[in-house]
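The following blocks contain the structures, represented as structure tokens.
In the two complexes below, subunit A is the common chain; its partner is subunit B in one and subunit C in the other.
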Partner chain A sequence: MARRRKLTPGKLLVRIIQYGSLVIASIAVLLPLWSTIAGSFKTPVEYINTSHSAPPANWLNFDNYRQVLFPQTGLPIGWAFFNTAMIMGCAVVLLVIFGTMLAFVLNRFRFPGRRLLLGTYAALVAVPSILTPVSTFQVLQFLGLANSRWALVALYSGADIVSILIFIQFIRNISTEIDDSARIEGASYFQIFFRLILPMLAPAIATVVILRCVYIYNDFVLPFLYASRPSESTVSIMLYNFTGITNTISQAVIMAAVIIVILPTLVGFFFLQRFIYAGITSGSVKG
Partner chain B sequence: MSPEQQRMTVIVAFLFVPMVSLILLNIYPVLQLIYISFTDFNGINWMRARFVGLRNFSDLLTRDSELMLPIVNSLYYFAGSCVQIVLATWFAVILNMKLPGSRLFRTILFIPFVLNSVAAAVVFRQVLQLDGTLNDFVQLIFGHGVKVPWLDARQSYSNFSLAAASVWRYLGFNLVVTFGALQAIPQDQYDAARIEGANDWQSFWRITFPSIRNVLFLQLALSVVGSLEVFEVPQLITYGQGKTSTFAIQMIQTGFQFRRAGEAAAMAVFMLLLVLALYLVTQAIARRGNAPVGGGGLGA
Partner chain C sequence: MPFLQLENVSKSFGSFKALNDISFTAEAGDFVVLLGPSGCGKSTLLRLITGLTEDHEGEIYINGRNVTDLDPKDRRVAMVFQSYALYPHLSVARNISFGMEINHLPRAERDRRVLEAARALQLEDLLNRLPAQLSGGQRQRVAIGRCLVREPDLFLFDEPLSNLDAKLRHDTRVELKHLHQRLKATTVYVTHDQHEAMTLATKVVLLKGGEIVQIASPTELYARPVNRFAATFIGSPAINLVAGELDSAGRFTGGGLDVQLPGSIFDAPAGARKVELGLRPENAVIVPPEEAQQTIAVDYVEPTGADLYVNGHAGGQEVVVRAGRTANIAAGDRLPLRWQLDQALVFDAESGRRI
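Now for the complex of A and B:
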């Protein structure tokens, strides 16, 4: 910051407007979350009779949480967490392995069809996946994956173009002199990839893994379309089905479910903010 | 192995799985979508599917009432996106002044973007419900008993509520993108301008805006496409009922619930052509302005 200058009344007013707008926007973000937290500790009767933004009578009333974690009927939410974690783990591992290999070959070798491939990936960014469910469903059915968790693993790892573009962009910045000197010392291409390139891609891998995990955990559309059977439910689908049966479940219980679902991402976000910001900036702008 | 053989082995081994997935999950679905759009396929039985030429497309364009609603609705979301970009730029510029507390504000404003989609919808729905937080404020100002049915899907204005929900959720994304662009501007440009006697307003229009114009344009282009593809927010908050239906919601209903896959595919192809045309236009404009346009698709 440059040297502190005298605050004239005009400047002071500008500062007040700037801070004021930030505070109002922060309230708009936090107030709904506050009501959700407050609601999750209210009894069903209390929830109906008090204002949404009023605090609960008893902050230690964990009945709603108990009902979500250990329901009388139906699958517990832990099952959905397990499904989501499994899908996330498989998809991210496959994406990193094959995405980095693809980026390596496309960037380091010249071969017939290379330009066509690069062009295809660039063009596919423009095809929104929300427009192809009718045919994607047919393909998944043909592969025997329709309505299963494996459909999601395939789509999250295989149909993701943005991550591949991030890998290509990173590998472009790794000097080919490293490859050349390793070649002279007798290293094979496989060794160059696994021993040299892959470790140097660590920042790109971290970025892709974190962005992808956030996306998979939060996504509603793909599981809604391709894996909506209760036993295959991801966290999103279980919460969605939960909110659809409002006549038998108290809103207060739904609020507890919402808090349980968003808690892991909030904790992760506070620790990994830096990576998320960096990933969004590099993934969306430089392409 | 000779070096040449080794080279070929690596290329084939490393490309095999990505190529299979590219063809099966990306290219083939688009081609099959085009094929289905020329048939009366019901989504289940290929044996009964007949080739119907352009009938699905002519039906789509003549039954205008079905097509008009989603097109008008996407305008609400586009308006929302414009507000979102302006607000995000405003906040990004303030945060870039490095005032005390700016990190905290950035974290707070970004929170909705990392929330689970369904959870975010539930959270925002309880704000807009008849007995929700927003109506608590309305009653405070206009007296007890005054309640606005913000989410009444029979009313067109419910789309404003849904667009607002969308702004609430995705503002942080634009904020981070614009903020990233602002940080790339060298500080000495501002120092020089200050010595010349420029005020904040002048430095914004002379230095800041020209430097982030391309990034803002990219965001605008993405939001045009994004507002045509809206699915999640209305599906989760009003279940896309009544006047809140969008193109993607109608297409998915037609294909999966009503089992008219041919018509749904025609809708998708129509939308795909529109999106591609917009994409090419933005590419052309961006090339003239020398901005690489690509990536994206993370938000919207």
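Now for the complex of A and C:
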């Protein structure tokens, strides 16, 4: 029979501190979530009169959710989901095409200015984002994109240095003999890229898509600046509009909206966690 | 006209001259091995033949066509790469048919050729697998299959065995030899491994520093190397080189040896000069002391299974000789030897050329 090692008072104290701190940290994280869930089922009057941590009187009171999903005035939250999904879809497709092509060219071809090009992408990271909105807005206005969802598509689809480096890292590990072999077999550079390199980049693409989607879903600043009209608003903006402008909406309704906004990310995380872990570690382990 | 012909091919990268004035020919069905130490330009030469590396001097002809200015795809060559370069996301069948898909061959024709190649290479059961699910030898067969279906004029191999372990390397080498004997495909094969060159080639092109040292059959290369480099590069353990003097009568003295060399081993009449006498380890015979030409002090003995390689020294020079595995030899022994001098090679000490 397995013998348990004796617990000395000193070790016991360490254990208590360890587990105690973890419990406190967990409560700090979970309590707001709990009060949000609980609040989303409360009636407006109940919400004001009861404590934040108190459970709702009726767990089956879906009035708040109904009001978010099918409002009598204004746009339903589904519209914001549609906007966000559309922006995400367009931006991610463009990002993958631009990013992988750029990485392919930078890694496989030798031409003057190659390093300068990559260096420029890297240097742009160092420009504080607080400096750019005015000029960005002017550019978007010039392009006729200001105050529309397409402004966000344009802004999100630009390949950033992180995505490019992830792609370059992967392409570097694909032997150039693959390219040579295909060239001898008669493939053009486009065929080599689309039929061989792009499919082989699938893990890198998954990583970049996940990182970018999380960023787009959570981003508040860019939609707030460039696409703030209600009909153009993303999920984050719609949520913000619930809180700010109209005081007529009960806090309980906002709680319901928050829960609805959290749900897709939770579902997405459960389905994609394998890729998310792989994506986060793949960049760090290979150097 | 020969099937493959290179005429005065030179290639520079910047100021570095990778290949200098390379000319050789191969007949249809030849198995040409480009052999040489790393950095001798053999892989560059292969890439020039494929057309993957551009811009060189000289002309290249394959099957009567001047391909010098043609793109790789138009040269009707197929290549097996060192890494095999299989497409990891495609099944074996798709790997083999990729080139035909690119070139819009009808589906029925593609399937027929894939099956034919799979049958020839015993890949029929593996057609639906991915490259990652194959062993090293199987991957190589897929790479060869990919070449076969294109029905090329010329097969090219770039050190295809270097990624395999010793046992598999031997088996695959045998397989390649069989395949070549069956298909009679004209082949150019790059390696730095003398065993591969000796066992596979019908013709060896020995390269050093971007220049051709010797073009010969494997047996000729071994028996009559043109210079010291060729003699030492081929043979394992390496040939013994005994420094000494040659007099005008063909008598050699040095390294504890004082022997009359038979006139038959000289290509040209040799005058008196400083030379190095090349003696292969297997050309030594252990004899009773009174018959010995040379006695070596044994330093250590390497048993290889079939043979013993006895490492020793005589007259201040190191000597390796091959002895039977039953010979009772130990470090510290003194070993009396007679050399088969009709197999000896004589090199000019200064130029290194064989006399």
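Methods note: the second predicted complex is superposed on the first by the 252 of 287 C-alpha atoms of A that agree within 3 Å, B and C clash if a C-alpha of one lies under 4 Å from a C-alpha of the other, contacts with A are read in each partner's own complex, and residues count from 1 in each chain.
The definition used in the following text is that contacts are C-beta pairs under 8 Å (C-beta built on N, C-alpha and C of every residue); 3 or more make two chains touch, one makes a residue touch a chain.
Computed from a predicted model, the values in this text were never measured in an experiment.
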Clash or fit (per the criteria above) of subunit B with subunit C on subunit A: fit
Contacts of A:G158 with subunit B and subunit C, given as first, second, both or neither: first
First, second, both or neither for A:T265, with subunit B first and subunit C second: first
Which superposed partner A:L75 touches (first subunit B, second subunit C, both, neither): neither
Partner chain in contact with A:A85 - subunit B first, subunit C second, else both or neither: neither
Subunit A residues touched - subunit C or subunit B, whichever exceeds: B
First (subunit B), second (subunit C), both or neither touched by A:I37: neither
Touching partner for A:I178 - first (subunit B), second (subunit C), both, neither: second
Shortest CA-CA distance in Å separating subunit B from subunit C in the superposed model: 6
In the complex, subunit A residues that touch subunit B: 1-2, 14-15, 18-19, 21-22, 25-26, 28-33, 35-36, 39, 51-53, 98-99, 101-102, 104-105, 109, 111, 120-122, 124-128, 130-139, 143, 154-155, 157-159, 161-162, 165-166, 188-190, 193, 211, 214-215, 217-221, 224-225, 235-236, 239-240, 243, 251, 254-255, 258, 261-262, 265-266, 269-270, 273, 276-277, 280-281, 283-287
Subunit A residues within the subunit C interface of the complex: 175, 177-178, 180-187, 191, 195-196, 199-200, 202
Interface residues, subunit C side, partner subunit A - complex: 50-52, 72-73, 77-79, 81-83, 85, 87-89, 98-99, 102-103, 146, 150
Subunit A partner contacts - residues on subunit B that touch it in the complex: 6-7, 9-11, 14-15, 17-18, 21-22, 24-30, 32-33, 36, 43, 87, 90-91, 94, 97-99, 105, 107-112, 114-119, 122-124, 126-127, 131-133, 136, 168, 171, 173, 176-177, 179-181, 191, 194, 200, 215, 218, 225, 229, 231-232, 235-236, 248, 251-252, 255-256, 261, 264-265, 268, 271-272, 275-276, 279, 292-299
